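Have a look at the structure below before the remarks.
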């Protein structure tokens, strides 16, 4: 008796669609076991998550608020994925975007609301883009592995922001806390429905639409798809893959940078610790789960938003560390990878000797 | 001669493909038994089943009278069956010694280096091979690498040796040397299954021949009962091998002038060494040579994929030496690449997207920064019908197409701009006869309308059939020209192994 | 002064050394492991908890190895048996490690243990300059010295080591020789993970004998870069690890002395340096004949060979 593994010739569509759902479900199960082992009732925990996140209008708005930076970062990371580039640095790019926007808000001297909005957007876009562009340059020019570079840039970015908020940008009226002064009203996003929901969310949806059009309808999106599918073929067809690598990483970081803008201008109104609590890493899961769909990014981001809102309340109620959300995300990925196997392969049991 | 191996009614399928339908034959001890068949007939698959790499869906095997079913290559190896694959199972970064050591049985955890080195050296000396045990394998020629594979099997005391297309990468002289060694082994009582699709070799070396066609064993013939025509007929299913009507009125206009081209690879070795060549309008120029003598570098230099360190390429009066891939294409040079799946196509995209891979910037297919999807689709419909491409449902990834159809997509794309020069690098490799014939037709038809082709191929027969002239490459240089009508295979073979010939054309 | 710096260098470099050696073992078999950061944390927590509950650092080290070995088997199962994407699986492992140690480490925060003691080697420990750094160290550091040699010997002078290298370079060739590619890869990943775990345990048992959430602070990633820097060789890995140890030691020294340079900027040094190291190593890789295992990162599927 032997286990034989064979590749399927056409992957089952049914499995491909149900796999993400099943993976999340099984991950929930395992996470529940872990939570139980840590002394918390998982049913209570899950009920609490749902209740907090979707059980009230305010809860829903909080979910959307949490989803906003996730959508941006998720779009950015998934853009890079289309070209088989791993942007693990969304976290740092968010910080850089936030930093850029903060500079404009506090130190540029601009006072007109729309001028500020545009300038802050540009600053966030460029800062995030350049931050990722470093990795893009290294990868395009010397084939340096972008995973490690973007990751290291995360640590550097957070330290840079720390330096600023502990040092030259510290709010003189801030009682020595590490944070900047508050933004003026003109530098803030509008709020909706008496909740914390801000225009960043709608900007994110718009961004998703733009990205969809970009990838599916423009010649640049076409080139990205070709390069992602087979960089050698792309080169043979005369496409300039080096330029594309830099451009895609720049764009990817720029979009993530806008997430930073969204957080400082829409939510926190200042630059401080924890502008992003792991959104950049969550974005990787989102991009992987959503495969190639901008709509998928939005949906998964909403789901993750639910998780994060719930996670916050779990931390308050039962001291469940918010970092546990990472573990849950890791579990989802594990099961997703496992299910990928069953989508691509068929397992057969064969008997030993055949007739003789 | 006693019967060593008996194979009965073997059947093996892969997703969507029946590789082996019903195969039966026997091998006696001390026999050289040839498996003959075209590309795709199932020879390699059958051998992989025999060695335990694949599991047959049904059928039986008997070794020395005992029923056997191998579960892995290790299993078959332990019973004395060893195979030298077409693609070597060597580790280029390791030394010859380490590669051979790996294949040995019962080596201790902490092994005695000296003892094993001596043992291997003795075998090398017995067969008068020229191998240095401490050299890294990537530095060796392909012929030398093949010897390593053979030694691995001999050290394991295999009684049945399977050689899969061993002469594909050898010059006629190296092949003769191999045959001498095989006869030596035969005298020692070993059996050899020799896989080939080259008629002459089969005629020379075989005691018996089994013909495979489309996954079934058609016939087994003894020496004396077969000749080239019979075998060819069994293989292809027709009695006549079609001859192409070649265009004998060629213009004398030089369309491509290659002067003293030199190019180095990233290891610093010369891929092209002072290479010069002239291509006439409407000519089919075949380039013969053992793979790895600079053919790929030549194709890449011509189509802008690789830069040259010295020399010039002129397309008419225009210097295109340092053109990029894009501008090469624009100046009328089309390229059918060597390995279609790894360079020629974007596997996840559909046929329509692949067809415009080189022309997507044309105003035809775009409206500013947006693509004109309707025009792209219309182009795809047009090409699919013109080139009879069997594609799947609309939008399905092109990697699901058969090898022949993928090649058609590439050809459709390359020829769509009416190129003046087509550079084809091993275009029929791995294709079934029908697809290969189609490509030949495209090349000959193209010649008729004035398109010149540089045809780089391994199969000398293919080159002789199609070419107006043949140029022979060796170590990056042009060794000489040959006339397909007059130059003998032996002479071409000599040129392929580096001997210059004074043939002026 | 130099003595103290050298000592701090060796100590700071040791966790990275273990992690790099473990990663080299992984990659020599052809599997990329980006989960090292998470595995280090798992090892750190397991080691700390093991020592805390048993009172013996040795038990702690064993616990660290065992637990990370088990954790590594997840990555192994996914990448080897299930042919999953190695990069994603590694990232998932890192996230999982960070989260799961945060959860289970709550009880360990603030607890203290007596860490690993120094065991001076008589005679050699009195040598000037290098005596303290190399011969007045704890058990784990001595083990790391031996391990560097052992790994080299294993890879280059034993049959199993040769088989392992072949699995990483050309799994099809190994398969044909009857070597079980999946078994070798599985064991390489898990054992390598165990080594990474020991590196993590060093953090919580010797460097700062306590448990802090996310205490590896990116060292796992530095190890990943060092694998490339070291050309997949254990000797050069040692050099690289101590190089980083040196930077960390100097950075701490500057902070202790107090300089005008902000502590935040100083803390950037290891990360910036990692990028530089990576760039230089990658460029070097392109030039010479590649030392990178040719089969790295690619799943092996026997039926793919047609």
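A, B and C label the chains in the order they appear, each numbered from 1.
Quick note on the criterion: contacts are C-beta pairs under 8 Å (C-beta built on N, C-alpha and C of every residue); 3 or more make two chains touch, one makes a residue touch a chain.
No experiment lies behind these values; they were computed from the predicted model shown.
K.L.:
Most contacts: which chain pair?
P.N.:
A-C
K.L.:
Averaging each chain's C-alpha atoms to get its centre, pick out the one most distant from chain A.
P.N.:
B
K.L.:
Take the average of all CA coordinates in chain A, do the same for chain C, and state the distance between these two points in whole angstrom.
P.N.:
Taking the average C-alpha coordinate of chain A and of chain C, the gap between them is 28 Å.
K.L.:
Indicate the whole-number Å distance between the mean C-alpha point of chain B and the mean C-alpha point of chain C.
P.N.:
The mean C-alpha positions of chain B and chain C differ by 44 Å.
K.L.:
Would you mind pulling out the distance in Å between where the CA atoms of chain A average out and where those of chain B do?
P.N.:
Each chain reduced to its C-alpha mean, chain A and chain B end up 46 Å apart.
K.L.:
Which residue numbers or ranges of chain C touch two or more of the other chains?
P.N.:
286, 303
K.L.:
Going through chain B residue by residue, note those that touch at least 2 other chains and give them in order.
P.N.:
14
K.L.:
In chain A, what residues contact two or more other chains?
P.N.:
Expected reply: 6-7.
K.L.:
Which of the residues in chain B come into contact with chain A in the complex?
P.N.:
Checking each residue of chain B against chain A gives 14-16, 55-56, 58-60, 62, 67, 69, 71, 303-305, 324-327, 329, 335, 337, 342-349, 353, 357-358, 360-361, 366, 369-371, 373, 400.
K.L.:
Which chain C residues qualify as touching chain A in the complex?
P.N.:
34, 38, 74, 78, 82-85, 87-89, 91-100, 102-104, 106, 213-214, 217-218, 221, 224-225, 228, 262, 264-265, 267-268, 271-272, 274-275, 278-279, 282-283, 286, 301, 303-304
K.L.:
For the complex, give me every residue of chain A touching chain B.
P.N.:
By the definition above, chain A touches chain B via 2, 4, 6-10, 217-220, 222-223, 225-226, 228-230, 232-238, 350, 352-356.
K.L.:
Touching residues of chain B toward chain C in the complex: what are they?
P.N.:
14, 44-45, 48, 53-54, 72-75, 77-78, 83, 85, 88-94, 98-99, 101-103, 107-111, 136, 138, 266-267
K.L.:
Where on chain A does chain C make contact in their complex?
P.N.:
5-7, 34-35, 37-38, 86, 88, 138, 142-145, 147-149, 151-153, 155-156, 159-160, 162-163, 166-167, 281, 284-285, 288, 319-321, 323-331, 333-334, 337-338, 340-341, 344-345
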